[in-house]
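Pasting the structures in now, so scroll down.
Each of the next two complexes has chain A plus one more chain, namely chain B in the first and chain C in the second.
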Partner chain A sequence: MSEYIIKQSALADFFKSLANGRRLLSPQGVGDKCKLEETAPEKVSLDFTNTHMSPKSLLFPQTERLMAFHNEHDKPNGYVFQSALDSGEPTVVFGIRPCDARGLSIANKVFQNDRFTDPYWKGKFDRTVFIGLACDAPLPQCFCAAMGGSPFGESGLDVLAFRQTDGLGFKALTDKGTELLKAAGATEADLAGEIKSLEAKAIESQGVKPNYQPIDNLDLMDLFKDPHWEATAENCLNCGVCTFFCPTCHCFDIQDENSERGGVRMRNWDTCMSWLFTVHGTGHNPRPTKTERVRQRFMHKLKYIPLKQDGVRGCTGCGRCVVMCPVNIDIRSVALKMAQTAPTPA
Partner chain B sequence: MNNPYLPYPVRIAEIRVETEDKNLRTFKFEFLNPEDEEKFAYLPGQFAELSVPGQGEIPIGIASSPSEKGFVLFTVNRVGQVSSYMHNMKAGDIMGIRGPLGHPYPLDKLKGRNLVIIAGGFAVTTLRSTITYLLQPEIRPEYGKITFIYGARTPGLLLYKDEWMAWEKRDDIDVFVTIDREVPNWGYKVGFVPSVTKEVCPPPDNTSALICGPPIMIKFTQPVLEEAGYQPENIIMSLENRMKCGLGICGRCNVGPEYVCKDGPVFTLAQLNRLPKEY
Partner chain C sequence: MPQLSEITGKIRESAKKLLTSGQADVVIGYRQGTVPMATAPFFARTPEDCDQLVWSNFARVNLANYLSGRPGKVALVAKGCDARSAVGQVTENQILKDNLYLIGVPCTGMIDNNLVVAKEPRPISEVTETTDEAITVKGNGFSTDIKKEDVLRRNCKTCVNRTPKLANELVGPEVNGAAADDYADIKALLGKSLEERMAYFKDLIKDCLRCYACRNACPLCYCPICFVDETRPQWLGKSTDAMDTMTFHLLRGLHCAGRCTSCGACETACPVNIKVREFNRIMELTVQSNWQYEPGMSWDQKPPLTMFQTDDTADFIK
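Now for the complex of A and B:
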């Protein structure tokens, strides 16, 4: 794939071309009001840090109708669920950050796993083109590079865009992305060197990278049994805010809702921080206290997902959980504690 | 696109009360659309989500055998919202089932081996499926000696009475049924499953054990088998955890990196020994 440029003077036309026949979404608003919204081409802004919430709700809404039924016995299909699958219109997202795109690609391997495909996710996923905007100035809470990503990361993107002195540079990463750039009249250019030096600068601005590598080589059960978990979990309120903000957290609950004429089956975001999440019908709970639940969250991100996804960690370093946690639990220090686990002698 | 969340509509053909406390009922379902029965092709050890519109879903092991055509069987304990609602449904009512889910017992890999099948309480369901499957005339010769150990607290809590009594009369399966305490006119074994296992379980050579039961039974049966020389690779168990999707996505049934729904529910003891005991 190759690189392209669009000069500042042509950007307005570029965004118009993106919106041609598609819904254009981009980050709008500032600070904790910044979110992915349908955007008129002239309103696209490059002046944002990152969206307050992760973009996962685009493909995995916080609450989503899966199916519906009617309860009239005398009519056909009484009490038979009919799918409410709605994949929406073709969409292009401009300005997703590389950490979040990587998050979506990790969740994608769960929603489209080795045995099953989630049609609600896949429908939206296949209809969306992702144009990432590289981070030339990462925030203080950002640590994508330490987690194996990069402010110029490409995972989960169709196109990576980055700011130039005059306009935007692009790296096409998929056929979908190349087509889009060509249709928008982008000019081919050799930007490999420029991307490399900008990326190095952005990574450097994240400071010294802590070494989480030992986690990858430690035995699952050694990490699981380490005594630090009780202290690590001590402050946790089990509020679940980390899980709702996390771009890779994919857990959900399924609930039926009834009305006079029938009902719907909904799915809603759920959280492993909840006691109810795992309790059996008998009352037995495999994760009965917050220690087990906190351990589950970090083990899932830093050990279970890497074991299932060729070493890719389930944390992308977006920093949202670090900022949002009301008791300042920081996944970076938890990861360091895990990295210091003493292995059981062989 | 195939939608694995969408249940196949079924009609309740028959409901049988299984136990004296009436807490267990066996539901016989027939598919509303005959082609769905083919799509629901399953093997012993798999489970399905029983789906009651407006109430929710419960993951339940399939009690019928793939050799039984035209219907599927599930035995449901009355525990929560959905199962209690189901206990008040009647023949003719419409609901849904979705699956089959999970992996079956690895019966194809066990060909030529002896099998000891150990069940406790109402966890016998998927093992009823297994035995019914194995006893088919064209399948039975593919396996060695089959021993079935089945225990419940009282005679009235034993499921599938007609069936195990018929199996008992056969000469190609050894059946040992036990209850916790002696009662009048009980002609079978008395004692807990682990001690009966100790007494009757065949030697471990070329033998695999399939176990399904409450945690307390498994906890005390496992050491009996290990003491008898069974290797962890040859002790095969079926786990349960709270589930919603059954597809390895909704996240709650994991045991370490494995999802009980998608990667299990059948695991060998060797696999479980390397995983957290979060079940």
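Now for the complex of A and C:
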């Protein structure tokens, strides 16, 4: 794959070409109103920080209808089940951050893998092209580099775009991305050196990187049994903010909502911070207190996902949970505590 | 103009004394946050732990939230509103008065981060605060001074009970209350038609994610199982359906009637900045005008909605 440029004067045409036959989404609004929205080509802006929420709802809406059913048992066709599969229109997302694209790529392995495919996720995923905008000025709460990502990270993207003094530079990462750039009339250029130096600068701006590496080598049960969890969880409110804002949290709860003659089956975001997440029909709860629930969240992000996804951590360092947690439970501090776990002597 | 460090010093001194003498097994206070403009609830159990306790213009979490059902002797760092919530926990039999020690901090209000960001939208990487009157926020190439009175949380702007009068001790000079909430907007709202009011509330909660941060940050919401979490039977749908979401907010508002101390913990916790207190303010006004009742003002008062009196003025109850 290769690199391309589009000069400032041609950007308007570039965005028009993106929107040709597709829904164009880009970050709009500021602060807590900043989100990926359908955007007219002339309204695309490069001046945004990060979207308030992660983009996961694009592929995994908070509430998603799976099917509808109704009862016509007094008629010959009896009970009727109708799929509610809606893959939406072809879409191009311009301006997703590399951390968030990485988040989607981690969730993607949950929804599409060698064991099964989730058609609801896949339908939308296949119809979407992701053009990332590299972070030349990461926010104070950002720590993607410490988690193994980069402000110029490529995971989950079809194209990585970055600012140049005159327009935008691009790195095509998939065939989908290459086609799109070519169709938009982008000029090929060798930008590898420029990307490398911009990336190094952006990583440096995130300051000293804490070393979370020991977690990867520590035994799972040693991490699990470490006594710090009680203190780590003590101030947790067990609300769902961290999970709802997390770009990789993907757990859901399937619910049927019925009326007399029919109903719908839907899935809704769920949160492992709630006691209800694990309670059994018998009333038994394998995660009875917030200590077990908090441990689950951090173990899942920093140990279980890496074990299942070739070492890739389930935290992308986007910093949302860090700033949104009402009681300032900071995954960076928790990760350091985990990294300091004493291994059981052999 | 008290220095924050003075109050911090007194909190630590008191906490150490309470832990050493065995008057408290744990002191619940605040420690410095790991990000700018934040503190974190902190549980001090040894005199050494106490050196992490701080006082700040960002001590927003209502620590009375950690009292319900807690065993042992607890000391709590409490603002005016938190102390009233703690008194409420006693009057609602959630904790024994004898097991509770309130380290009262006369409070001049806490800062709403959203208002700071509105004044200084550039990314803030550091904040310095030395007094309870102003802060300085800093970032890449800027340093901006902000007066606290310009960025106070709205519940703090109308707080008349800033000094926790029922506390066991005060760690700072008493402060005067602000001008009381006149509920002008709520009165105007109540004068509107049912349809207009419904439209107002629908718009108010349109961004709600049902993460329940408001409920979980609230010291009144200590039910072992909240009605929204009941499964046998399930009272409420789990989706983002507007009516289910509305039911949650309306019922929470009603459940808190006559108990809410306007601490603002719900609004501070809300990740999408919903003015959750609108529901509570209506109930505050209703309870105040019907029963002249303010929660958390004495150790032996009972919330009006938990009481029955033979001379009740309401017809429906007789």
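The definition used in the following text is that the second predicted complex is superposed on the first by the 338 of 346 C-alpha atoms of A that agree within 3 Å, B and C clash if a C-alpha of one lies under 4 Å from a C-alpha of the other, contacts with A are read in each partner's own complex, and residues count from 1 in each chain.
In this text, a contact is a pair of C-beta atoms (placed from the backbone, for glycine too) under 8 Å apart; a residue touches a chain by one contact, two chains touch by 3 or more.
Everything numeric in this text was worked out from a predicted model, so none of it was measured.
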{"item": "Chain C versus chain B on the shared chain A, clash or fit after superposition", "value": "fit"}
{"item": "Touch count on chain A, higher of chain B and chain C", "value": "B"}
{"item": "Which superposed partner A:345 touches (first chain B, second chain C, both, neither)", "value": "neither"}
{"item": "Which superposed partner A:79 touches (first chain B, second chain C, both, neither)", "value": "first"}
{"item": "Contacts of A:255 with chain B and chain C, given as first, second, both or neither", "value": "both"}
{"item": "Touching partner for A:113 - first (chain B), second (chain C), both, neither", "value": "first"}
{"item": "Which of chain B and chain C A:234 touches, first, second, both or neither", "value": "second"}
{"item": "Chain A as apex of chain B and chain C, Cα-centre angle in degrees (nearest 10)", "value": "90"}
{"item": "Partner chain(s) touched by A:280 [first = chain B, second = chain C, both, neither]", "value": "first"}
{"item": "Chain B versus chain C as contact partner of A:221, first or second or both or neither", "value": "first"}
{"item": "Shortest span in Å between Cα atoms of chain B and of chain C, once chain A is used as the common reference", "value": "7"}
{"item": "Chain A positions touched by chain B in one structure and by chain C in the second", "value": "253, 255, 279"}
{"item": "Touching residues (chain side chain A, partner chain B) in the complex", "value": "66-67, 69, 71, 77-81, 83, 85, 110-111, 113-120, 122-123, 220-221, 224, 250-256, 258, 262-263, 265, 267, 270, 272, 277-282, 284, 286-287, 292, 296, 299-300, 303-305, 307-308"}
{"item": "Residues on chain C engaged by chain A in the complex (per definition of touch)", "value": "33-36, 38-43, 61, 65-66, 114, 117, 121, 123-125, 139-140, 209-213, 215-217, 229, 231, 237-241, 265, 268-269, 271-273"}
{"item": "Of all residues in chain A, those that touch chain C in their complex", "value": "30-32, 49, 52, 62-63, 137, 139-141, 231, 234-235, 237-241, 244-245, 253, 255, 257, 266, 268, 271, 274-276, 279, 322-324, 326-330, 332-333"}
{"item": "Interface residues, chain B side, partner chain A - complex", "value": "1-7, 9, 32, 51, 53-57, 77, 79-80, 83, 93-96, 215, 240-242, 244-245, 247-257, 262, 274-279"}
